[in-house]
Structure formats: C-alpha cells, structure tokens
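Since the structure comes first, as structure tokens, the remarks are kept for the end.
Chain nomenclature is as follows: A, B, C and D, assigned in order of appearance, with residue numbering initiated at 1 for each chain independently.
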C-alpha cells in the first residue's frame, strides 16, 4: 500500500507562519510549561503579526513576548507569569499602562481552559466543570457575554456545574517530539493540555524536534497524539522549545529564562532583549547558531530510556 | 524513598470478587472487544452473584454469559451481540421470554455510554453529545427518568446538544497488560472506553496479565492508565481476557467463540456450555489447564516490538 | 432474500462479493472512512488496495489508519493494531475526529430501513415486548448522526425495507427534508444504501431513497416487490457494474481469503 | 514583612525554611498531595523524605508520584518525569483525580487573603484598571475549589491580610458558613494558612481564620498588627514548633541545595 501523499505539508518555519497565521486570528499555544512552541513564537514576532487573540491554559514567556511585541489584541487564558521567576512584565505594562498597546483578557482557571479546549476539540458548544463556582472568575465579565452559565443538574442530584463556552482556535500550535512526513505526531512526558488544545484548532501548525520515517511512528502508535490528516503544516525545529525543555531532547535553559526575567522588568530592557534574540536574528537556524553548540550540548538530555512493549497478536 | 505499602491489594480472584462485588451492585466491564475481563466474569458466575446492574459501552459474550447465568437485573449500555458471530441468545431469551429471568435495559450509543462514563469519572452529573438527537435512543424511556435532556446552547450558537446523565459504577473492572504491586496499571493497543470506564468506578478491580516490578512501570509512565491509589484489588490472571485477545500477549480464540455462538442458541446448549466451561471449573487456573498448554501456545502473540523513547532531561 | 432471475446463469461472483465491491467504490482516495467489521471492512480494505490507497480507515475501539494483514473478526481485533498510525480510545475517535466533522464516510448495517433512510438495529416488534431483540446501536447512531455521509449495507426484503421502522436506532433523514436540522444533528445523513439486490441513493430535495442500480440478474420489478413502500426509481436506472477481475481477485485473496464474511 | 523581635537572637534557620517545614508537616503519610512549584514543592519533597514516605505528589501538567532528583523550577520541569508512575495531562489530573475528590491536600499561594480564606492572585486594585496585574488563577482556583483541603502559603502584612480581597480568584469559605455549599462547590476549603509570621486554621463553625501559632521570635501583637481585621487567636496559641535538625538538613541538602526558593 502506498504512503499517503505528503502534499507539501513539510515546510520552512517562515512559510508555515506566513501561510497559517493571519493577523487577527485566534492562536492557541502549547500550555503548562510543556513542549512550548517557542520557535513559532519567535517567528510570529519577526513577521510582526497583529491583533492576535492568544489562547492558552497557562502562559509564560510566550505570551509575554508576543504582548511585548504588540502582536496581541486579546488573551483568553488562566495564568500569565514567569512561574518561579516572578511576574510577567510585558503583561503588566500592557494591562496597567497600555504599553505598547492595550490588551483585553478573559480569564478562567487552568482546568476551565482545558475543558473549553475539550469542548472546541469535540465540536461541542460548552463543557461542564465544578471549579470556579462562587469565584470572580465567573462573575467579572470581560469581553465575552455571558462568560459562563451556572446550571443545576437537570437529573435531580441538586449539584451545580458551571458550563464554560468552547474555546475554538483558528490555528493550534503543537510542539511534539517527533512526527513522520504525514504529520502523525508523537509526544511523551507530561501532556499538559495538548490533546484537547491541539484539536481545538481548525488548523494545526506542528513543529517537531525530529521528522522520522513513518515506520518509527507505526511501531509505537499509542504515543501518537494527532494523526497527520489533522495537521496542516509541519516544521522541523530542533530545539524548537528552547528556552523550555522537551523531554528526552533537552533541559530548560535556566540562564536564558533568568536573563529574560531580569531584562524584561523595564520596557527598554525588554526591547534590548528582543533586538538581541528576536529581531536581530534571521530565523531558527541563526538562533541556534547564536546559542552555540556548546550551550546546546550542555542542555541536551541524558538518556533515561523506556522499555519496549509488544504490539503483536 | 520507600515504596508505598501494598496493603494487601494483591489477592486471589475468588477473594477479590467476593470482597468487591456484592449482589445488586453496579458493575462496569471493559468494553469494545478490547482486554475484556473474562476471568472476573467467570468468577462472578461461579459465585452466583445476583441482581447486578451491568454497565458497558459495547457488550459481547461477557454480558451474554452473566445474563444466561441469571446474575443480571439491569443493563445500561449500547450494544449486545456476538459481533461477526451473530446475535447474543441469552440476551434474546431474557428480553423476549424472561428466561432465565427478566432483564431491564437502558440504551445509549457507544459514544453516549463513553461520555456517560466520562461524566462519572470526572465527578460531573452529565456530559453533552451531539449524536442520538432525533433518535428513539433519547425518546424511548426505560427505567431512568429522564433519560436525557436536550439543551440549546446557552451561548447563543443555536446548536443543540443532548445532556446524558453520568453512569457511575460501584465497581469498575479493568483488565490491563501489566501493573506493579501498588496497582499502577499499564495498557497499550486499542483503548476502547477504558480510561473513563475505569475511573467511573468508586472501586476498581484490576486484573492483569503480569505483575511486574515497579521500575518497569516507572520506566515508561506514559503507558499508565490508572494509578495504584485508585485501585482496590489486584489479581494476576494470565490469559485473563480469554477467549478475547490481549495485545502483545495472545490472540482471540476464534474456535472458542464460535463454539459458544453455536451452543448458546438454545437454553440447553448454553447450560451444557456453562457446565463445561464455568460451573465445572474450579477457578482460573483450572480453566487454563482445561484449555491446555498447546491451545494457549497457539494463541500466544508473536513479537512486534515497539521502539524505546528517552524520558531523560 | 432475492432469487436469481430464471434462465440467467449465476454470475461468477457471490452477492456478498458484489456488496463488498460496491462498498469499496463509495470511498474516494484520501478520505477518512469509519469502518465496522464485516462487509464494510472488506470494502475498506479493497478500496485501499485498489483505487483509494490514501484512504484512512478508522475503528471506534481506537485505531487510526489500520492496515490489517488478515480479516478482522471484531472491532477490537489485534490485527488492526500493528502498523496503524495512532491508537487511542472511543473519545478520540468519536469525540475528536467524528463529532467535529473530520470523518468523510461511515458504514452501518441495519435490520429495518424506511424510505428516509432511518435505521433500526434495536428490536423487531414492540420495544418492551419484542419479537426479536437485536444488538442495539453500538456505534451506529454516532456514525449516522455525525459522519459527513453514511453508507448503509443490508439485506433486502419487504420486512426489512419497511414503511415505518419499529425503532429509530440511527437517524436517516427522520421525517424528510429539514428533519435532521430540526433534531439538531450537525451534518450528514445516508448517501447510499447497498443491499443484496441493488444500490440506492437519496433525492437531495425530497430526501427519499431511490433505486440507482439493480444487481445483475435482477429486474426493477423484483426489487420493487421487495420494498414495502412505492419505491422511486432513477430515470437512469441501470444494472450495477459487475465486479472487475482485479476487484474480485484482491477481495478474495487479500481481504477475506477464508470467506469469513463473503461465505465459502 | 515581619521584623524580628528586638533582643531575640536570629534563629538558626530562615523564615522560608520554617514555612517549607510547616508545609511538609501538613501532609500525612499515604496522602495524595497536589503541588505547585516553590515552597509547597519543597514541603512535599521534605514530607516524602521524612514522615510521609508514602505520600504521592501530583502535578497539574500531568505527573503522578513525582520523585524529582533536583529542585523543579517549573510545573513542567523535566525532572518530575523519570521515576513517576503515571504521565498524563490536565484533564486526568484535575478531571479524574481532583474533581471527583481523590486529592487530599492542595497547596496554593496568594497576594491577598481575607478572614474567610478567600484568595486573590489576579489584580491589586480595580480589575479593569489595576494597580498591579498579577498572574491570575492558573490551577489555584481548581485546587481551592476541588481538593479535600487546601493549604495556603503566603507572605503577610496588612496589605495582604485584608478586609476584602480585590478579586476572589480562589474561593475560601466565601461569605462564611454555608458559602461554599451555596455556590455549589462539592467539598473542601482552606484548612491552614502558613505565612512568614505564623500558622492559622479555620473555625469549623464560623469558618473564620484564627492564629494557631506564631513563628519563634514574633509576638501575637506583632502578628495582629499585620492583619487588617480583628484577628481571632486560639486560646492555646503557642510558638510554632521550630525546625528539627533532620528536617533542616534534608530540606537544605535534598530539596533545595541551590537555595532557589529558600534563598541563599
């Protein structure tokens, strides 16, 4: 049997971002500090995209960079900070002072956002949850009306749930460990909200550490998170999750994250950081060259190999 | 660090069934022809359990046997037949003639049942779906009132969904490929409805092909479907899914299934089958002896090994 | 069951083989096809081996792009697993692929059908006191509700092609034009019925089933006699295109060499 | 920030160390603990290394029974993965483990708290025109809504322990007795607040926070001066039990040898 056609899905990063991410679109990024698609974020900044609605279950630097770059009009999410490294200052400047521009935000909890992605991925208008009840997350409106609906169980238990509206994306980003030329993508380690978040995208822009022969995928199909026919563009971006980690490939670049946290506290500091690492860099390859092989080698993962299982019958 | 206590979870089959499955309980079995917990079904028959409410997304022989044995009072499910081998005749006799006893049934679709298990597993009173709308599945009531609620999207899209009530179980059965002594259970191959169905159980009775050292589990944690702290009893039952297949362990016993399909067309035929394979057999070990090493050897899976992945950082 | 027209020599293929081949012809290359066991499975395998090498077969137990090396007896058959691209569960297959509209074509069978393509696989007779208790929906209702189009495969006689089904397990066009929309179904509906007597399609306006082709050896009248309503017939009605040599050869040698579903 | 009482020599540990140790003491052996990064993580690691070897640490990014060999900087840190028993996603951790009630204890931080334990991690000032924009809920609301009990860890002053929080990110007892039940929350609520000045619990009747112990070197009055409501104090109020030698040693050598969260 012949392999499905590649149909030109494998493409350079700049082309994928140009083709799939128009100004004004609803863009979902990978959440919860796991396999974050930073290579795409850099390219979105370099292409100076505008008026994005950025969607995620737990943002960190990715959202802060895009806000600093003025790419973002609206946020729908649950958290924006640098985790242990403190507050996200581009976010603060945008919300507190409108610098470089005003940004609207619509907030839910992490679980709430995940269930909203689940609803969108499953083609449903909403999903029920039991968190967020009683909090200002449901009471304080932002740009969506209504933000949620509290419903008493129609089957008579007396329980209440909050119905949260689906969160569809025009484009979902997924950074996976590997895929084949058709875009059948595999991930392992922590999964965050990637299952539902990916399927919430009408289109899927997939970046991977490695493109592998399809037999590698077909020898372990339980690791596949999305089949190729749901993927619209594939970009091979080794170290595409830097400065975050990708399980089995490399560790977090703590020094890089600390440098960003320190410099981004002022607008001038942020601009010099962005000139150095984004606008002064032509693309992902040059970015890796700038980081240097020595630094990348230090980050590379040590082997902690899984066993094998038998798929036979 | 010390390993968590085993706390006596590992036990013989008869003890687990005695302890966990009281008469009259709501019992969830593994669905959709994948890793079906037949060893437990045999033991439930031998212990002559009564008045069970049997829950599943797609029953085959397991339900037919229990109905033939008079163990079942109610069914909540979506399908009961022998797949390519034809109708389930104990089911027919019970519904059409009340032999050996009357059985009530409440029906949804496969996806509907899965979403009902998801609701129960997630502690929610219901889940929305878009199938079943307009069909008699929602219109023809059985023992639950109401059976579903059709709701128009409160967020204004005009879309309709059916809210299906949660399907909680007192005990969920899971037959997994392997687990460690704590009950951290791993599965691969087709997953059917096992994720949600297992968590729908207040208690979980886990049977496995093999109990392995915990380091085997901890070397490939993405394959774990349920953590040990959600498991109440563990039984090692090699070939515990016979006459169905378990990926990587053995193939379906087609001759056994065909023999059952032929003999169960009459009540007398069913009784002689049950005497031979259930009541005349003391337990799972004797069952395997009766099948014989030659037959089991023929069923054993050929190796089709996965690759390894790196979990390092 | 249909009987062969007197005097016409039996064609060099079985009726089940023609049905499986008709099923295969309904899949276009590159399509996502949702498949159950039996003749649809053989149709899917045949399509992939012939005109639609890039179609992707999906199974509800959680298999995407199955490439079975033998005839699967069950949707959970172990032979569906090796070489597939993704293994998952019902939620992913029905929830993430079918409900949002990514499945092009789904196959279902039935015990009773009406002129709007509504299907019954639940009971013959009264629901609470049935003459024959059938297996029930399984995934059929989900496929018929959510796939972009549905292909129905079933045997035909007046007790099967009925005025009113005893139970609507899977909606066709319900009460006719606008029926699915009123019920809230997001898309889809039956595109084609493949029986052991002929091939039927549905009028885009009236949503009523009409005869497109009769299987070789049968006449339109014989088919009408096996339908309990006044069957519409296409003005271009013709004989079903007989199996090609390669179709038959691949079907017999690669899809069901043991004759499990084709008969021996 | 609290100041040391004049004349009392500085104890041989940092305030952050005492907070992490207090966090550890809240976990019983065998419990399921839901953990974020920072001091709660150190508390969890410390508990597992000392009195609660069978406690299971869960992270929202999808890790069950993490056994990190270094101090994680992020909830997605790669060091949480090797040696865990289950890797999954947010849906499993929040949906299948926390929402149905299988998580015994969850840790959260906050920028503002009121006497009923309601927490704000969203904004200081008006929501639409804030003085300081904070990160928002993340998983905090889910933990505070759904865990069997919640442990709150935060710094203390009159601007943090307030009459009314500017935004209820995570519900404590809302407006007091019956507040959670009226909102529809299925269980839970804050069990304990660990600040850099003392440890607080909640009255089972009034749901109001009261001082259980003040950290060594501080007085009840000093603590009252750093709360903006009339703080209830336990009749059995006492000094917080100082760190044990083994607690400090394990914390410093195994949980945060680089001083990432404890300070250097």
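Note that a contact is a pair of C-beta atoms (placed from the backbone, for glycine too) under 8 Å apart; a residue touches a chain by one contact, two chains touch by 3 or more.
Note that the coordinates shown come from a computational prediction; the quantities given were computed from them, not determined experimentally.
*Asks:* Could you see whether B-C or B-D has the larger number of C-beta contact pairs?
*Replies:* Answer to which pair has more contacts is B-C.
*Asks:* How many angstrom between the C-alpha centroids of chain D and chain A?
*Replies:* A distance of 28 Å separates the two centres.
*Asks:* Take the average of all CA coordinates in chain B, do the same for chain D, and state the distance between these two points in whole angstrom.
*Replies:* Inter-chain centre distance comes to 40 Å.
*Asks:* Per the centroid of Cα atoms for each chain, what is the distance between chain A and chain B, given in Å?
*Replies:* 36
*Asks:* In chain B, what residues contact two or more other chains?
*Replies:* 123-124, 129-130, 159, 161, 188-189, 191, 195, 222, 245, 247, 251, 301, 304, 311-313 - these are the residues of chain B that touch more than one other chain.
*Asks:* Any chance you could list the residues of chain D touching two or more other chains?
*Replies:* Within chain D, residues 77-78, 81-82, 87-88, 95, 99, 186 contact more than one other chain.
*Asks:* Could you list each pair of chains that touch, in label order?
*Replies:* Applying the touch criterion to every chain pair yields A-B, A-C, A-D, B-C, B-D.
*Asks:* Within their complex, state which residues of chain D touch chain A.
*Replies:* 37-38, 59-63, 73-78, 80-82, 87-91, 94-95, 98-99, 122, 127, 130-142, 145-146, 167-171, 174, 179-180, 182-186, 260-261
*Asks:* Could you pull out which chain B residues touch chain A in their complex?
*Replies:* It comes out as residues 123-130, 146, 149, 151, 153-155, 157, 159, 161, 163, 165-166, 177, 188-189, 191, 216, 219-220, 222-223, 245, 247-251, 301-313.
*Asks:* Provide the residue numbers of chain A that touch chain D in the complex, in ascending order.
*Replies:* Listed in rising order, the residues are 31-34, 57-58, 60, 77-81, 83-85, 87-88, 91-92, 95-96, 107-112, 114-115, 118, 129-137, 139-140, 150, 159-161, 188-196, 244-245, 247, 251-252, 254, 257, 301, 304.
*Asks:* Touching chain D in the complex: which residues of chain B?
*Replies:* Interface residues on the chain B side: 1-2, 4-5, 121-124, 180, 182, 184, 195, 199, 214, 217-218, 221-222, 224, 226-230, 311-313.
*Asks:* Spell out the part of chain D that touches chain B in their complex, as residue ranges.
*Replies:* 30, 32, 48-49, 53-54, 56, 64-65, 67, 77-79, 81-88, 92, 95-97, 99-102, 186
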